[in-house]
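This is the structure I want to talk about, given as structure tokens.
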């Protein structure tokens, strides 16, 4: 591995998947250790790549960066990367390395660097809210220490206490290791996204959630060739259908599947109230993955365990997944019909 | 006028303009009374209709509902409606009637009703934040008292303390007088707009600001055939070009002009920080209208006078208008080129 | 009346009462007009003065400034002032004059001035959040127009969108007409109150709610000789007992009755969640006055009517008043015992 | 050590000090490791105990729980406890153990338990905001795993995303290991403190910051015999003078020194704007300790380093410390005068 990172902004296109960290039975017990289901981890990474997800980022909020022990995180990271590398040595895998401070993150990155992992998904320390100057310095410190690793900036208004301001984006665009952002802000687009696109000047991909990707693509086809998606971990086909439709210029199909994806999200709390969702983010995400059956996500680790989630939100998960399975079937039929014609 | 309002949701399409209430010199003096420039009011309404703005709503925040005396408001309303009616008796003009309480609003509406004004632009009382039950009851009380008048619901997260919740939209959709909403929420679209579209079930038009209209249209062509625009009062042609492009199916032109409109808004505070903008909403809007020259908006009435606005925001207004004029010219050339071809 | 206002900061001491605007039956109907119960208004003012309340301020939030028609407000103001004047021509009565703008407030003040009312209770316009510069200019404009009228500044974090900043207090202290503030901020004291006391330099009385008055008095005996109280309208004796205890230096009695007053407030929403309380402020206050029976407050005017209040809050009102009556009895017995000894 | 914790709520009285984690030169470099100044740590603990601080809690926000490496934290904790134990085996020292999740906290507590540390200062995980149910379960899990260790609950509205609700306090009061709370909420008292005192029913000490302790003591002499103070690390004598005055019933002296302490805090950002302060909490605290000279706190660890602090706040620190030194001198003179009389 040389002195420059492997990937550039041009490599971030299509769908970036955000899968969970599979857990063994009992992983929700505070006394449990060594809780990562490594077999399922391997199967999951293999499946996502085989099904066509363009890149993968692990260990954000739903990926339980906050609740894995150091040893568990290492075991997961090693397995995820070994699996991806065995399939494609150039597969864009980004492992989460967010911690409470700069030095712990650097220690995590050293571990990943030694493994050969090409890049990280990296949110900022969140004990105290970071200022523009603080966040820019943080990412610069990290990038300068590991200049040959890529950075996907992880933004999340709840976890990191507000959005990355436009002024910070302008400065982050000067750091060549940063090639993309898991963009936040209540999953809505308007003036802010426009300003941030101007600020990054094409040097950083601002990936939106798949539910609004098509709207962004309609207005910014050059700047928005990629989305992020955790819903791929419920079965990726509708999101991949959206990607394929966009890439092939079948915009009416892209519009159709975007509406279907939104329809499927209606009962899911994330679409109704992001602040409230953020209190139950990890367990709700793992619940829907378990319900969908594409990945065996297992229990949610303490303190964000399943039992803190009100029943009404659990019901929303069930209906959401029922709809998602229906959309998968609709997409399958349209794909088959297209193939037949 | 019969027992049913004149317009239905189907009548709300294209561009709804939000012009100011022109003020005479000295209108920013607390001792001034009778400050409405009625000549300019007449000319303004005449011009907007002549240039092709599809409907007009007056006396929201920038239209100084908060700062006109009762007599001034009456004079303005009468002149605006007389002008519109003289051009087209069926012109969709909606006069603002927001006050601090239900009864004052009803008294305003009685005045408008007696004039023959077809409808009102109506925000909710804002001294105390209204609950879902309170706002639904408020609009129902008003609608039942004047069943033959239309209501455009005015939402504004700053003025009215948060958005109208989806649950309220579901209930408001049962009130036939309500045909549209000046939709709020930081001028961004995502899950919330989707939920609200489902809630109103086609019975209420949820008009977005023109800057994001094209994105919404891309995903919801049936549900989003209209936008609101106060920028039309800086010269309406770019917004009308957007409308014409959308209606003619020239989506690449619609995309182009949307980006130009966004570019022109970049220096304007409203695009950078809505919370901060809301503190200077009225004077900033009147400043840009004066700067653009399409309407002689005059001074801003107390306490929201020009002198409370920090100079940096005033500079933003100037650059914004400079850009807007450039986009007007670009649109003119494209239109001419199309006519020539 | 000369060119200087009647009262100075030294005149604001003891208990300033905040009574309601009594309403006739049916006043919650949007069609009702002329709804003020003037007989009860007269009786109420007479009673409060007779019972020893030191000054009175009307027509804030619970006094329905937002929901009275202009004619009703005039009738109420005239009756309240005539009653007070007939008892004591120098009684410190301050009538609410908050409106949506400077000029409407000035018109209200002219009416009051002509009646001879010595001062106003005055919040700032709240359609748009006011900046420091804006609020200072607003109060200065008003004070300069009626230099012989006193101003009690009405602050309320909910109604007026946040507290008056310390920087504004420093500037307001330069306006001699302003002698006191109905101080806001979640009814809590700490650094902010300390800073604001420094900022006003003894020129403005910062009145706290009676529930925390004793704590403030303990630390700032010179600066905090006055409190405001709306609970006096449930029967003023516990608050007057607090005042008398403080003024007589019976601090242990003051401590005792402060705890009893807090105990009585525990079931009342205002003590539990001010943001939620603010959505139901007017109806909840009128409910408790009606329940207590000291004043016949009558219905709450639209849109803030009784029927929008969730039942659990109504139950809290009932228990609050039950406790208040018990504290009244306890105070009566202590007073009797003291008189007997 | 038996199966019950060493201390009960009755042991928490007087002043609980919150000292920093002294850092060697260069500790602000992201490459630095092993940065704890253990000599100064020992001297600091020794000094605080010798000067009469009643109990000590380490490793909250200013104690850099967020930014120490695991090895550094272990070295600091061991030194702090060895020092305290060597002076008084029963000294109430509480070491911070807040992490991002339950299991990491348990691992930290096992280390402390093996050392013989009697208790922990423990905030809740903060990646996702915790609900009432989640926070109660978190503290219960921890307490049940180490039933013989005490817990001081660390609350901080900024770090932990809002206050601990009253409903949570009622449940936490059932956990016998919890004996006190470093109480949060903008350093102000009012209804909330009253409700929380009722909720904990005397089983948990709700310690306020020393600046408002006297006010709380005036109203709640039984419930509020203790305060927390980080300012003791600038020289503890004014806070100890406050404690001694309260305990000796010299309330006028307590009032006097409370006002002097508030006066000294006026230029310090924490007193002006807590939200803004929270962005610079750690570096500002370490700056003032270094400026005061009582403890050699050293640099602030990344990412919360000195260089992110705006100069105006640094100037505030300097004036704050200048005033603090003056108050120390005033207290010294009063103490000497009392001894002489």
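We call the chains A, B, C and D, going by the order they appear; numbering starts again at 1 in every chain.
By our rule, a residue touches a chain if its C-beta (ideal position, glycine included) is under 8 Å from a C-beta of that chain, and two chains touch if they have at least 3 such contacts.
As the structure is a prediction and not an experimental result, all values here were calculated from the model.
Visitor: Using the contact definition stated above, find the chains touching both chain B and chain C.
Guide: Expected: no chain.
Visitor: Of the chain pairs A-B and A-D, which one is connected by the greater count of C-beta contacts?
Guide: Per the contact counts, A-D leads.
Visitor: Roughly how far is chain B from chain D, going centre to centre by Cα mean, in whole Å?
Guide: Comparing mean C-alpha positions, chain D is 53 Å from chain B.
Visitor: With chain centres defined as C-alpha means, what is the inter-centre distance between chain A and chain B in Å?
Guide: 39
Visitor: Could you state the distance in Å from the CA-based centre of chain A to that of chain D?
Guide: 37
Visitor: If a residue has to touch 2 or more other chains to count, which residues of chain A qualify?
Guide: In chain A, nothing touches at least two other chains.
Visitor: Name the touching chain pairs, would you?
Guide: A-B, A-D, B-C, C-D
Visitor: Per the contact definition, I'd like the list of chain C residues that touch chain B in the complex.
Guide: Against chain B, the touching part of chain C is residues 30-33, 61, 65-69, 99-104, 106-107, 124-131, 133-134, 137-138, 141, 145, 158-159, 278-282, 301-305, 307-308.
Visitor: Which of the residues in chain D end up touching chain C in this complex?
Guide: Residues of chain D touching chain C: 166, 185-195, 198, 211-212, 214-216, 218-221, 251, 255, 258-259, 262, 265-266, 270-272.
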